[in-house]
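Should a chain be cited, it is by its letter among A, B, C, D, E, F and G, assigned in written order, with residues numbered from 1 in that chain.
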Amino acid sequence: MDNHLRPLTVLGGSLNKNVLVKVKWNREYRGVLDGYDQHMNLVIKNAEEVISDKSNGVFPTVVVRGDVVVYISPSEVI
Amino acid sequence: MDNHLRPLTVLGGSLNKNVLVKVKWNREYRGVLDGYDQHMNLVIKNAEEVISDKSNGVFPTVVVRGDVVVYISPSEVI
Amino acid sequence: MDNHLRPLTVLGGSLNKNVLVKVKWNREYRGVLDGYDQHMNLVIKNAEEVISDKSNGVFPTVVVRGDVVVYISPSEVI
Amino acid sequence: MDNHLRPLTVLGGSLNKNVLVKVKWNREYRGVLDGYDQHMNLVIKNAEEVISDKSNGVFPTVVVRGDVVVYISPSEVI
Amino acid sequence: MDNHLRPLTVLGGSLNKNVLVKVKWNREYRGVLDGYDQHMNLVIKNAEEVISDKSNGVFPTVVVRGDVVVYISPSEVI
Amino acid sequence: MDNHLRPLTVLGGSLNKNVLVKVKWNREYRGVLDGYDQHMNLVIKNAEEVISDKSNGVFPTVVVRGDVVVYISPSEVI
Amino acid sequence: MDNHLRPLTVLGGSLNKNVLVKVKWNREYRGVLDGYDQHMNLVIKNAEEVISDKSNGVFPTVVVRGDVVVYISPSEVI
């Protein structure tokens, strides 16, 4: 249509950058976006898991299923 | 069919304008619509997150998955 | 098959007319149907939001995702 | 395969007849089936809405989304 | 692959026989399987509705949406 | 890609063997896998139904919809 | 697009390695990834089942449906 920013393009521009990924059930993952696909399945490196606002440790790598994702926020600072 | 307004066309006309995006679990995002795709995945800039009517801060950019969206309201004034 | 009324045809015949749109979580939207697509995503103008039978204000325009719709009722009088 | 009755064929044979449509959340609609499509989206005329076994009024026409339907029962007498 | 029994083949072999159909929300339907399609939408004749183990009457015909089905059990005796 | 074991291949190798099928709502079925399709709809023979760890009887044959399956475990001994 | 790591590629690189698979309802499976498909259906060997942080035994093999998966974490050490 016109030259707007497609959601997957924003993910493409966030590769190797910090992202905050909110998933269902009050869980979130904060780390570096290392990959994604068209279903919004995500690969996050050094992903800190936060459950109900409490840190639950860090995964070297985690593959999050797109189906459970609520939003993804690329962030300059987190 | 006839010349009615398709939902995605309304989103196209709302680019760079303020929108209110209601998602499941009493969450909403108020900001500038910066992009969307055919699944209603949305890119919102300067997105204030409101949970159960309380502000929860502002994201410079957030990609919201279409699957969690309830409605989108373009607004002249918010 | 035979000449019955397809659901989307009923929506087509309701354009520019008042509709009541019931969505999940005891929410409804009453306004003028301005558009729709094959997923039953809807564009409603002057949409009064009613939550658990209480009015919650009017949106000049709202795009409701088909996935949350329970039913749509065109109405001569509302 | 063999000559069994396909579900959509039963709906076709129920056009202009009384049906009981059970949907999720203990809601049902009783009226005349006026149309349907392959997603089991339904058009019901003179549809009495019954919520938790209590009548909640009659819609001249209602389009019910197939996704919320539990079952449809054509009935000689209701 | 090999000559195993496909689920839809089992339904085909159950036509005109008694079946027990368990659906979500502790509901079940016991009657004669009269038809089905590839989505496991089912047509059941003389279908006794059982809710939380209590009989709730018999439908001459009921079309159950596949999406709400948990399992189907053909039975020699019910 | 490489020569890993595809999930459906594991089901193929479990035909005529004992399986434990866990479905949603704390239900499980233990019996002999007699068939499956690409949606993971399953045919189980001599299927003992276990609800919240209590046996609820045995079905000669049960067709379980893939959509409600959590996991399937082939077992040498059950 | 660019040379990022696709989620399924990460799964491919985790074959024959230890993974932690989190599924819905506070369940997880810890074992060796033996296979997967494009729906993220997974084959896990020597899978310890952990429910609400308590071990519930080990399955020699378990096929987990992708639809219930929240995330998969390959791990050097678990």
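Here is the rule we use: a residue touches a chain if its C-beta (ideal position, glycine included) is under 8 Å from a C-beta of that chain, and two chains touch if they have at least 3 such contacts.
Everything quoted here is computed from the prediction, not taken from an experiment.
For the pair subunit B and subunit D, chains touching both partners: C. Number of steps on the shortest path from subunit C to subunit F, with steps defined by chain touch: 3.
Separating the centre of subunit A from that of subunit E, both taken as means of CA atoms, is a distance of 42 Å. The centroid of the Cα atoms in subunit B and the matching centroid in subunit C are 19 Å apart. If you average the Cα atoms of subunit A and of subunit F, the two centres end up 34 Å apart.
Residue numbers of subunit A whose C-beta contacts span two or more other chains: 67.
From subunit A, with subunit G next, the chains follow one another around the ring as A, G, F, E, D, C, B. Against subunit G, the residues of subunit F that register as touching in their complex are 1-2, 4-11, 40, 66-67, 69-76. Residues 12, 15, 23, 27, 29, 34-37, 41-43, 59-65, 67-68 of subunit C touch subunit B in their complex.
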